Amino acid sequence: MSAAGAEALLTIDGVGKRFGGVAAVRDVSFSVADRSVVGLIGPNGSGKTTLLNIVNGVLAPDRGEIRLGGSATAGRRPSDLAALGLARTFQAARVFRTLTAMQNLFVPLLHQKALERRAAHRRAFDLLVFVGLERHADRVASELSGGQQRLLEFARTLVTRPRIVLMDEPFAGVHPQIKATLIRCIRETVSREGASFLIVSHEVPDLVAMSDRMVCLVEGAVAAWGAPADVVQEEKVIDGYLGRSEEPA
Amino acid sequence: MSGLFAGYVPGHPILRGVDLTAQSGRITVVLGPNGAGKSTLLKTAAGFLVPLRGSVMLGDTDIGHLPAHRHIALGIGLLPQGRSTFPDLSVYENIELGGWSMRSDRKRLAAAVEAVLTRYPHLRELRHRAAGSLSGGQQRAVEIARMLVPDPTVLLVDEPSVGLSPIVARQVYQELRALKAEGRTILLVDQDVRAAIAIADYVYVLGSGRNDVEGDRSAFEGDLGAMVRGWLGV
Amino acid sequence: MEKLAGSVALPRGRSRVPGGARRAANRDPGAIRRGRCRTAPRTGPRAAPGPRFCGASGLRPAAPCPGYAAEHCRCSRNRPMITHVLSIVADGVLLGLIYAITGLGLSLVLGVMGIVNVAHSAFVMLGSFLAFELFRRFGVDPVLAFVLALPVFFVLGTVVYRVVITRVQSAAQTQGLVAMFGLMVLIENLGTIVWTTDTRVVTAAYTNTSLEVGGVVLPYVRLIAGGLALLLIGAFWAFLRFTLTGRAIRAMAQNPEAARIVGVDIQRLSAVMFGLGIACAGAAGVALAMVFPFSPNTQVVWLAWAFLVVILGGLGNVANTLFAGVAVGLIQAVCTAVMPFDYVYLVLYVLLAVILTVRREGLSSAVRRTI
Amino acid sequence: QQSPIVIGGTLGLTGAYAEPSTDYKFVYDRWVEEVNKKGGLLGRPVKMVIYNDESTPTVAQSLYNRLLDQDKVDIVIAPYTTFVGGAVVPIVMSHGKLLFNGGFVGINIFKNNKGSIIGSFTYQEPDYTRGLFEMLGALPADQKPKRLAVFTSQNPFTVVVRAGIAGQGGVLNYAKAAGIPIVVDEQYPPTTSDFNGLVQKAKAANADMVLALGLPNDTLNIARSVHQQGMKPMVFCTCGSQVTTLSAWPKLGAAAEGGFGTTISWPTQGYPGLTELAEVFKARGYETLPTYAIVGYAILQVIEQAVDGAKTLDQEKLKAYIHSNEFKTAAGTFRYQDDGTPVFSQILLQFQNGQNQVVWPKQAQTAQPVFAKP
Amino acid sequence: MFSVFLIPTSTGSRAAAAAVWAAWVAVLIGLAAYGLFGTRLFLLSTLATVFMYAVLTQAWNLLGGYGGYLNFGLVTFFGIGAYTTGILFQYYELSPFLTAPVAGLVAAIAGLLIGFPTLRLRGAYFALVTMIITFAVQILALNLTITQGALGIYLPRLPLSPLAVERLFYFVFLGLLVLVTAVVWAVQHSNIGGALVAIREDEDAAEIVGVRTVEVKWAVNAVSCFIVGVTGGLYAQRIAYIEPTGTFSFDISLNVVLMAVIGGAGTWQGPLIGAPVVLLVADLLRVTVTSEVNRVIFSLIVILIALFVPGGVMGAVSRWRRARAAKPDDVSGSPAP
């Protein structure tokens, strides 16, 4: 298990977290390099969301350390981390229900400098066009369908030009065609804006195709870490996660 | 369902003339882009939305105007999109409440809960945990189990595999097959086109609140990519 | 508190005199408050040396009032300390039970339906007048009235639900609040028209008698009211915990949409729930009428106590409502015994705010639920 | 038909301090009827405008503005209770009107307005307990109470009942003069709901005299607690409001027995209108004539006699007339002092065998005071 | 900490928007004209009270309407403001007109101190704790020497005719209202407004997407308390007699919430509509139905509004607008190619 390289943007080092009797995350270490996509897979309840919550500052780890761009994140609030360029989506989409789609994209811009903000306003609309919500720009978010809310959330993470984005199952419930667009978008963001992504998804083939590296959690611990093609070949991963009866669906 | 109009804001239908038949004992799949109205369709069928026009028929009776809780009594179960557990109740209590419609017969209820727990043994292990503390996938499993307690004959299933790991997702589709084999009627909405079509008997595609394409599974199995592009009008 | 009072600088170089500055009080009516004589020593800003106990009896000395230098200690030595402490505890617990029952209905309605039922006190008032009228017209004992109040107010509650709440439930919480506010004003003023604003008392045969156990005096009305409170709270606790309907009610509180999905008739169950909440309010009104004087205007003070209990106990949590009520009662009794009464409520409120903020209620569960 | 003389004011018909307002209202209505039957004032009919101020000072202010400006009332009468009344005084004064005040006490407010407020309470806050202490003062030294407990509501008038003004009057000063030491001296917020703890304090201090300086609800509450705690103080006085004259007092049962209280006058004194008033109230189910009915009626009698005597509605002339004449009212014969309050007079009542009896002053006595033996 | 930056809005036709604006301006001019030339004392004084409550409601609206933090203890800061000017007058004979900003400052500081623990509470807990704090502060006011306890503080009435006094306060509160409304408008149309709504909808998510929720709530609460404190300070001069029971009356808090909700919480127009509706109706009833029946009728009206105008007047307006604006085509989602 290779730990963080010096240049890594996000380093997760020996992180553990228990909820009462449940060890949700144990001794997890891996890193997300600058300008890269890391796929995070693992069976249900293996601790993926919990890990994102820890990285994100929502939960404090029991042990271990997270480093973002070289500095430890311990004790920082989520909004501090957001200011450092961290953005995320949620497993169950969380949009601001009474704000319009457009206004939803403005929320993350509150503490940005006025100039950047003006630019971001323009960018916001482009992002809506991109995820296909431009016709819904002025509709309140609660009136969007489940998939549309997810797309809106996706757009919301990108509006601030984050350095690293955590995504919890961004493709769930998204139409295959749009999913392809999103994947393209992610790759382009990496190459053009130099952002990094840590993506949780159960859609393994897509993830394999887009990730630079991949990590698999099983029962809270890292079961495999490395090149995507290798990870999905690992016995442990196949046994615990993919199953073998058919080829991965 | 025929000529169905339904929506959330008065004078503002989302579904505009949908015709759809779910053959009894079959799996009928509904596909469509985000926002096409698939979930709206299921909600209408489950009684959460009252059709503005058109009818929802169960056998020969129009159930469109019955309140939601009557639908359960008629054997219609809904697995909604998104998350719908009771976070502070235990898993057991969550599942037990699935049998709310059988509350007058406690013995039957207890037996039904028992049967479901036997069917999903991993939930039995979790039964004392608060549902809100489970992972996303575990909660989805609770919801599926909860839906099955009253032994519904018609299942309205909205994106069942979202958030489930591949193994479990596959199990879910197998489960759906098994449920069909037990003679239940299933109306399945899904974005996992491949998996859905694989178990479908008949497929509808919705676009913008209207029927778009429909046909047997065989018609869809061929060139999936082309079909997908087809609905999008690219 | 002394600090607070003392830290405010008196202007224009007026000297600070221990026990309160005594100013030439022409344009200054405040001066007449200054020469206080109190049970607790209040000698100057920071001089209070904490409670001073008087002999072994644990009683407070009388304050050194101007002119009564000889009267520093007024302790009765025939009441041992233990009796005194027990009296305070008994007083606190009995009072706490009354607080608990006052908060119960409010907690249920707020916890389950999310409605800040400011009309709670109005139903309490109606309960009190039910007891009053039954007693005056038919000589019905308040204990019986308590039992009768439950079905009567249950029906009243479901009617109010059908007429008012159903229409506001889908809208925001504030809408329900406004409706309940209107209802409160309506009921209070109808009450004023029917019963006028005169203060009323219900005096049953046992009202003016007390039970004395080892020097501790327990008024019968308080014992009875406390017992009834315990019974009612126990019944509700069991109901919510052990019956399927109770679980459905809790489920509804957590996720109404999902409750509909499993086939719960939300409207009906909510009506039941609201009815139960109002039944509690009515019964609480009867219990209060047994113990305290009341009028259509004054029962609103119980709203504050009910809210206090609810926030301390947590929304919709029956067992905690009981503990919270008793805790508030005990704190009040103990504070009353050891400090000037005019600061007791302040201490109570501040303590409450502190407990609450330390516990940070309502935060943790929100995180767990949705992320 | 001439245009009517309009008398206007507010009452807290609803709200926290509403209790006596219905009594006032009843008396006002009755008086208007009487006066108009007699042909009105100055030959003009009398009309009374009474708004509901909801026991709220701001509302009362706005309503007095309306009364003075829109309704153009000729005579202004005060609302009930000091904290509402205190708020309207400046408004009435700035319109150059007299304020006929049967609604509240407040010696400072009277003084500050130099006789422009005409009162009908015959004793102001510092004097509330004067009668009681005068009666006790007449007792032999060894029969006086030895330990006094005082409970005071934090209300603008009861705090003065307790402390007096500038060293004058008030329980603190009277007790000192009478040589009765104070062993418990507690103030409570107006919203206090339970007094058991307080009463226990008095009991623990072996108080043999308990003064409840509060409004009706709290006073009744204290009375009941005192009884339930098994205290048998030699003197228990409801010296804040005139609670023993209210309908609820007898309903306390055993707890009411022996309680002292004050009022302004007593039907046996035969003041004009008093007996009739008492009868009317008896018919309404009141065992005792409420004090509020007396002061409310008395102030209207002052108005009636002043207007008839001065033959004008001009406020300055009325003021001059009032300050230089005597008025025969149900509250006694008024001679006004410079500050606009009538000369002191008070009746001390004790509730004996289910009935109020006058126990002081001697000349009005209907029964001897009875002191419980602790 | 953050700058106000107006964000573009794109709904509605320009002509209609212009008409609405024109109507608002016309109302304002009409009110100013009445203030100058009107001679009815009662109306002037009632309107001054309406303006005062509208200011309070606007201030409440900032955190309560947009942010969803239902403050049931607004009167705490109102009372603190009133007592600040009252005490400054009592001891230093400073006119409340001079010291009103100080009152605002003191209230804002109190708001910061009280906000520190309470703003972490959510939902009903926050509402109830703010209410309890009012009671606590009221008891302080009853007990402290400097406030003169239950006796209260008298301020001299201004040496003007009653009409001039009311006219003065009419304009003082009207001016304040215009100012405060402008602030609220700016907030609504800036990122802060969006952030506040985000906090109302999902505070954790707002924090995670980068809103410094604590700071935002604090700052907005302080601004709100400042406005309320200034208003309270001026109120003390107007009523000329402050004492704990009335100045810290829970009714004031409740009334403000009522007005906000009836007008439409979370919109800048809501308080402008809610305050007059509630107060004028109540006043009209008070003078037409003089018995206690007036409150019965009032309460029935309140209940009917709650039942049939959900979301308040502005809620009804926006629903009507949306129903009109929405073309059926809008509804169908078709994703971008």
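Each chain gets a letter, A, B, C, D and E, in the order it is written, and its residues are counted from 1.
By our rule, contacts are C-beta pairs under 8 Å (C-beta built on N, C-alpha and C of every residue); 3 or more make two chains touch, one makes a residue touch a chain.
These are the chains along with the protein names UniProt gives them: A, B = ABC transporter domain-containing protein; C, E = Branched-chain amino acid ABC transporter permease.
Quick caveat: nothing in here was measured; it's all calculated off a predicted structure.
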item: Selected interface, A-B versus C-E, where C-beta contact pairs are more numerous; value: C-E
item: Greatest separation from subunit B - chain, by CA centre; value: D
item: Rounded Å distance, subunit A centre to subunit B centre (Cα mean); value: 28
item: Between subunit E and subunit D, distance of the C-alpha-averaged centres to the nearest whole Å; value: 39
item: Distance between the centres, which are taken as Cα means, of subunit D and subunit C, whole angstrom; value: 31
item: Multi-chain contact sites of subunit D, meaning residues that touch two or more partners; value: 13-14, 16, 154, 159-160, 189, 191
item: Overlap residues in subunit E, where contacts from two or more other chains coincide; value: 135, 139, 142-143, 149, 151, 202, 204, 292, 295, 333-335
item: Where subunit C touches two or more other chains at once, by residue number; value: 29, 32-33, 188-189, 192, 304, 342, 345, 367, 370-371
item: Complex contacts: residues of subunit E adjacent to subunit D; value: 40-42, 45-46, 49, 135, 138-139, 142-143, 149-152, 154, 157, 161-163, 165-166, 239-241, 243-246, 249, 251, 283, 286-287, 290-292, 294-295
item: Interface residues, subunit D side, partner subunit C - complex; value: 13-16, 18-19, 21-22, 55, 108, 147, 154, 159-160, 163-166, 170, 172, 176, 181-189, 191-194, 196-198, 200-201, 204-206, 216-217, 220-221, 224, 227-230, 246-248, 251-255
item: Partner subunit B, residues of subunit C touching it in the complex; value: 244-245, 247-248, 250-251, 254-255, 257-265, 365, 368-369
item: List of subunit B residues in touch with subunit A within their complex; value: 8, 32-37, 39-40, 81-83, 133-138, 140-141, 159, 162-170, 191-195, 228-229, 232, 234
item: Subunit C partner contacts - residues on subunit B that touch it in the complex; value: 46, 48, 67-69, 71-73, 78, 80, 84-89, 93-94, 96-98, 100-101, 103, 109, 132-133, 146, 150
